[in-house]
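Below is one structure, written out as structure tokens; the observations come after it.
Labels for the chains are A, B, C and D, by order of writing; each one numbers its residues from 1.
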Amino acid sequence: MNVLVIVLFLSAFLLTRVTILRTAVIVLLLQSLAVAAACVVLGLETSQFHMYLAALLTIIIKAGYIPAALFKIVGRLRREREQNPILSPNYTSLTAALAIVLAYGLIDQALPGVVTRNALAAAIALLLIGLLIIMVRRQAVMQIVGLITMENGIYLLGLSVVKGLPLVIEFGVFLDILVAAVVLVILTYRLKISFLSTDTTQLRKLKG
Amino acid sequence: MQVLMYLIVIIPLVGALLSYVQKNRNGLRIVNFVASVAMTGLALVLVYQTARHGALRYGMFYIDELSGLLLTVVSILTLTATLYSFSYMEREVVQGHLAAARLPGYYAMLNILSFTMVAVLLVENLGLMWVAVEATTLASALLVAFQLNRTAIEAAWKYVMVCTVGICFALLGTILLYYTQVNVAGSAIEALSWLQLAALSERLDPVMVKLAFIFILIGYGTKAGLAPMHTWLPDAHSQAPSPVSGLLSGSLLSCAMYVIIRNLIIVQNTLGQAFGQYLLIGFGLLSVAIAIPFILLQHDIKRLLAYSSVEHMGLITLGLGIGTPLAVYGALLHIFNHAVAKSALFYLAGDITQEYHTKHILRIRGLITAMPLTGTLFMLFIIAAVGVPPFGIFTSKMTITWASFAAGQPVLGFFILLLLSGIFAGMIFYCAKMVLGAPAQPVRKAQSGALSQIAFLLSFLIIAGAGIYLPTWFNGMLLRAAALVSGGGY
Amino acid sequence: MAVPLPAPVGSVTFAIDALSAIFILALGLVGAAACIYAVGYTTEYYRNRFRQLAGLFNAFLLSMLLVFSVSHAFAFLIAWELMAVVSFLLVIHDHHDAENVRAGYIYMLMTQLGTVFVATAFFLLAARAGSLDFGRMAALELDSRTAGLVFLASFIGFGTKAGMVPLHIWLPRAHPAAPSHVSALMSGIMIKTAIYGMARFYFDFLGTGPLWWGGIVLAVGVVSAVMGVLYALMENDLKRLLAYSSVENIGLILLGIGAGLVFAAGGKPGLAALAWTAALYHTVAHAVFKSLLFLGAGSVVFSTHTKNMEALGGLIKLMPYTAIVFLFGAAAIAALPPLSGFVSEWLTFQSLFLLPQALDGIKAKVAGAALVAVLGLTGALAAACFVKAFGIIFLAKPRSEHARYAEETPAVMWSAAGLLAGLCLVLGLFPQPLLAAISRVFAGKAGYDASVLQAGNWYTIAFRQADAGGALTPMGVFVLLIAGAVIAFAIFRFRGKPSIIGGETWTCGIVPDARMEYTGTGFSKPVRVAFRFILRPQRETLVREGGKYHGRKLSYHLSIRYIFNELYRPLNQSIIRVATKMKRIQTGSVQLYIGYLAAVTILVLVWNAWWLN
Amino acid sequence: MVKLKEMLLYIVQAGIIIAAAPLVAGIIKMSKARLQNRRGPGVLQVYFDIYKLLAKDSVVSPTVSWLFLAAPYVYFAAAAGAAALIPLLGQGADLFVVIYLFALGRFFLALASLDAGSAFGGMGGSREMFLSVLIEPALLLALMTLAINSGSTNLSLLSGAALTKDLSLAHIFAAVAFLIVLVAETGRIPVDNPDTHLELTMVHEGMTLEYSGRFLGLIVWASAIKQLAAILLFGMLFLPLPVSGAAGIALVVLLTALILACVETFTNKMRLFRVPGFLAVSGLLSLLALVAQ
């Protein structure tokens, strides 16, 4: 479990530094795999069948379909990369580090002596870093990556505090994430077609 | 009854399927007309039964007075939106904004949207509710982007990003709530059933519930357009095709508010009223206040209406925050009134923009001369929307204000009134600019399609009627729903 | 009577008591005349939109009736707002004129602000009473702080509707914009709904209050009266002149109310009743003669298609009946005996004059005397104003083509106005029935004692209080005037039957021309100069070289600055400025939007953590 | 019917004042002439003037309407009515009634001045109304100083109060204040010049410029009545009667007439826009009187 936590931290941390979209998607893939692995580990611990099912779904959707779709887009967006991000990678990393510290602090504050302390911290860190990436990256793909990271964080949180949600709800959540990814991918294509770039900071026409 | 409930869920799905495979435009119309009328009719029957006989539960499906009210809103708006869509989309095609081949896709999405909204209302589970709410975002996102021009895509992007992030927060909150439930009752019990949660609520861990509610409120509040998470709202509502704008503003926001109310009931039981009150009143006041500058200085007719929605959502939140049965009654009534009035306003705005080929307020003049029926109705609906009798919004607005005074918060009540008059100033100003005066271009009397006129008049009758008389069963339903919310417990 | 409304409003009760009855009486009188008038007025003018106009007009009447008759706060607010919106629609009836739309907008906005305060007043009370019903509110004993707040809120709220300075800015715009028979109702009755509201609050709900209530009302009344009539006198637009005159008359009514409050606070129940009687009598009297004047103005506009007085003149010969009824109105509003205006003016004078009795000390004396002097000033200015109005419009030669080809209006129009003219005379000569009705208002009200106002007999009105008293015999004055006229006639015929020789007006040898006549602007000049410290007149003279033989051509433009309107400008500008600044938060950046989301979450969490401790 | 008898008393009183008014006007004229070292006309001259005017034909402009012809009657009736209400024989009436009867006459005369369409008439009317704007507050203030103590504005009570009072400082202030108003109200120097026909200075005469013959006769007479009524008011209210009864009243009237003549002789007519200052002095004195009581 601790290995997974380290992988998760690392992936989140890496995300703050990458500027090449393809690399970001690869990191996301790794991260999702780690989450799936966490599911399996938890399944072993609790010997609940539906944890394996959840792991499978995670692999299929978050480590399978979504990265595939993103790879496909990224393949089309040859010249796109994260240029002049709103917050430079160094600062972003710094903030991410702060977020990790904050995560640990929050857990010690709210749930002192919890068994899954590290996993929880990783979850919160993922959540915060995902949010951070959405806020400080211009590229549409990076934002999608941030969103999925955030989602992973919440999922992990669910895993570590309540051993996952009931199965029906879990299904629904996965379905939603799938559809969300589809919608976002479609919109990214459309961005590319209409704006000739997937830089979201040019979406400034609607204001006031 | 059970069949009824399933049918209400299934009909839109079937409608979506049939629309998608339908190539014939007339067939498309018939399918959608039948589907929307059938769904609305059945939903109203169900609501009436609920109002008469109390809550009904079948498996995961549940309907009580609160969801009954929202179901009324959603079904009526589905009907009017569908009716209005016929002529609106037809004209879009005629004017060349849209390829005729995309119409089946539109109607399919529209049906899916109403399916998701009905699902939000009928499931008896916070988790599934979350799923359904997220589904509404996704279903409507493609509708927002339907025109596929730059602004529409921009709006859709912001819509999806902001709302999904928000809804992630809501998921976090829901998980935390689940955590408290598991802690108290173990995992044997039905997870995240809000009936169960409410029953357990007094034993839940207050600290966690507090945390959960903050995330839930901010998460669903994003969806409900509460400031300062409302930023996506004017973009999405102004860029969507007008029937969709109406549906988004009228029923989707209401659905998000409904989810907040469901959570609120549990939280209030655990924490007492004060905690939720502070948050709700804070967000409510901020929403009403933040809408003012945007309404005072606005050049886009649909954004004007969208900001007005922000304001109304704020008002509803205020009503919930004040929390007395009277205030909640006012808030619930306001949900209903606002939905009917605002959707009709969006439809009318759609007609107007199609006729004038612009959304810019200052380029629209002399509506009442150029489009007598549309212009008159637009003015009346604006008057209704700013809360002037004899329209329903006045009653609900004043009920909320009065409740605030009666609850011993006169300063808050006064501020509500004052802020609302700021909104009033902007809305009436731009309304007068558009509706009155002599039209700039030579007058060519334009009319909307017959079906859309029916939709307008239906909305008008409802909103005018609601100001004068509420049927006893409906009123009783509202009262019981209000008692549910403020009394806590089912 | 109770009518069920959508809960939680509950059932709405209707109750007509003595107070409502007086206002309903005025509404009935004026409404009937306006309806008859409309038969003639609307057919010609609004053929296309006749149906809308008629519908809205009747809705307007209904809404005012509701305002006077409901006895439930929520229903009152509904009726109140309904009245506002219907009259707004009537104001913008002729919406092709951008000026009207602007007038309507300002009206609607000010009314809305007023409603904020009216609703606040009602709800503050109702929250204490635990009920929205008037009866429960009246039965309530209030602590002085709440009572003070309710007083202020109701005064501001109703004052906006009444058009008291400085909340009057909508009135001179909106009243002229509406069709004339509607203006008549607006000026005659609608602004009186505010007086009704004040009376309802100060009699029924609040009871006797501290002295400063009356002080505030008196101060506002004085400013309204003087400023209103000054602006009226400066005005050359006939309907605006009448509208400003309404501001003045509201000021006079407020003087009565203020004096009533002072007396009540000072423990003089009899005088309090007297002062309120003055206010209520003036309310009815003003309703009648102001409607009459607006109907007359409507007839003038109907025939000449202009409201500009400088373009009128000589209508007394072309429209003789309209002229006579207008003259009645003008004389009544100038408070000339034996018409209705005089009776209320006399009552108001009496109550102000006795003001020192409620208080001790020199200040009260000076204040009372000053108020009486100001009332005298107002009366004289009003007389000047209506000499100007009648003289410039109806007398001398027509000043433009508009006036030259004017024709008398259909009989239905001038006779409707004639009814009101008759009422002016009746109310002036036989004030007793109305006074008796008014005195019923005070029955059983603590702090008021109507028995002071005994009608000695059918021709005298009198009051007598410990060391004060007064009597007025309008009928006697009338008889004396008739006798005087008879004597004058006798003197006139003293040396046989007179012969009258025609001869042009002497104008130093030139053929008289309409352009030599005194203008409205000229007529009001002395007052303008004397009051220039308030009116701030500005003039622009444009000199243009004329033809070879004509010398120079002068065009002259005069305007006055409305100092109270200038109060609003900085407010307006700062609102716009702040709004512009606030609009910047919606930058369009999706990253920032999510930043807001994150920020508010953190804020709420921090607040929560802080709140826990 | 007691009231009928009272009414008759009023009318008799009005008749007396009507009859005596030209005489008082003549007395003022004569004493003014004497003060200026002229012989002047006899005291009955005003009667002769009116008698002559009543025999003359009237020249009436075709511009005018019935109002022009009716105004002299109203003016006369109002003046006569006011005269009847001074508490001599009759019970007197309310102060405000007298003031507003004056206003009634002024109102119609000003209207009539606009009717002929000449610039002079309009100017006269405009100025007259302007002066009334200044006079009325001052007049009311002056009278208020008396009324405020008696608790009534009934003239008979007021004059009773004046009679019983000693000549205090306040009383003198008030008397002077009223005198100023009296001068202004009756249209005499320094506010207006009753003898001028110079366009730019006339006020009252400007209004009546278009009247001739019998109409003018009526107006001249009415003006005299109004003047006498005002003088009586002053005398009754502010001067203690040295002898009771008719002789006392006559004495008071004579005295007031003399004062007026003196004022006219020793002052110049002032510019129109200095009149506000003049009447402000009156107001100030009244206030002083109020405070001094």
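Convention: a contact is a pair of C-beta atoms (placed from the backbone, for glycine too) under 8 Å apart; a residue touches a chain by one contact, two chains touch by 3 or more.
Since we're looking at a predicted model, the values are computed, not measured.
*Asks:* Ignoring subunit D, what connected groups of chains are left?
*Replies:* one piece
*Asks:* Is the C-beta contact count larger for A-B or for A-C?
*Replies:* Between the chain pairs A-B and A-C, A-B carries more contacts.
*Asks:* Between subunit A and subunit B, what is the separation of their C-alpha centroids in Å?
*Replies:* Those two chain centres are 31 Å apart.
*Asks:* Please compute the C-alpha centroid of subunit A, do the same for subunit C, then give the distance between them in whole Å.
*Replies:* Roughly 69 Å separates the two chain centres.
*Asks:* Can you work out the whole-Å distance between the CA centroids of subunit B and subunit D?
*Replies:* 77
*Asks:* Mind checking the centre-to-centre distance between subunit A and subunit D? Centres are C-alpha means, answer in whole Å.
*Replies:* Chain centroid spacing, subunit A to subunit D, equals 99 Å.
*Asks:* Quick check on subunit B: which residues sit in contact with 2+ other chains?
*Replies:* 157-158, 161, 165, 207, 211, 234, 294, 297
*Asks:* Which residue numbers or ranges of subunit A touch two or more of the other chains?
*Replies:* 131, 134, 143, 200, 203, 205-206, 208
*Asks:* For this entry, which pairs of chains touch?
*Replies:* A-B, A-C, B-C, C-D
*Asks:* Can you name the residues of subunit D that touch subunit C in the complex?
*Replies:* 7, 10-11, 14-15, 18, 51, 54-55, 57-63, 65-67, 72-74, 76-81, 84-85, 93-94, 96-97, 99-101, 103-104, 106-107, 110-111, 113-119, 121-123, 125-127, 129-130, 132-141, 144-145, 147-148, 151-154, 209-210, 213-214, 217-218, 221-222, 272-273, 276, 283, 286-287, 290-291, 293
*Asks:* Going by the contact rule set out above, which residues of subunit C touch subunit D in the complex?
*Replies:* So the residues of subunit C touching subunit D come out as 314, 316-317, 323, 327, 331, 334-337, 342, 345-346, 349-350, 353-354, 356-357, 362, 365-366, 368-370, 372-377, 379-381, 383-384, 386-388, 390-392, 394-397, 467-473, 476-477, 479-485, 487-489, 491-492, 494-496, 498-507, 512, 514, 516-518, 522-527, 529-530.
*Asks:* Where on subunit C is subunit B touching in the complex?
*Replies:* That would be residues 5-9, 74, 77-79, 81-82, 84-85, 92, 95-96, 98, 101, 104-105, 108-109, 112-113, 115-116, 119-120, 123-124, 126-127, 130, 132, 575-576, 578-580, 582-583, 585-586, 590, 593-594, 596-597, 599-601, 604-605, 608, 611-612 of subunit C.
*Asks:* Would you pull the subunit A residues touching subunit B in the complex into a rising list?
*Replies:* Within the complex, subunit A touches subunit B at residues 110, 127, 131, 134, 140, 143, 147, 150-151, 154, 157-158, 161-163, 165-166, 168-169, 172-173, 175-176, 179-180, 183-184, 186-187, 190-191, 194-195, 200, 203, 205-206, 208.
*Asks:* Which residues, counting only subunit B, touch subunit A once they are in their complex?
*Replies:* Answer in residue numbers: 125, 127-128, 130-132, 134-135, 137-138, 141-142, 145, 148-151, 153-158, 160-161, 164-165, 168, 171-172, 175-176, 178-179, 182, 187, 191-192, 207, 211, 234-235, 238-239, 294, 297-299, 303.
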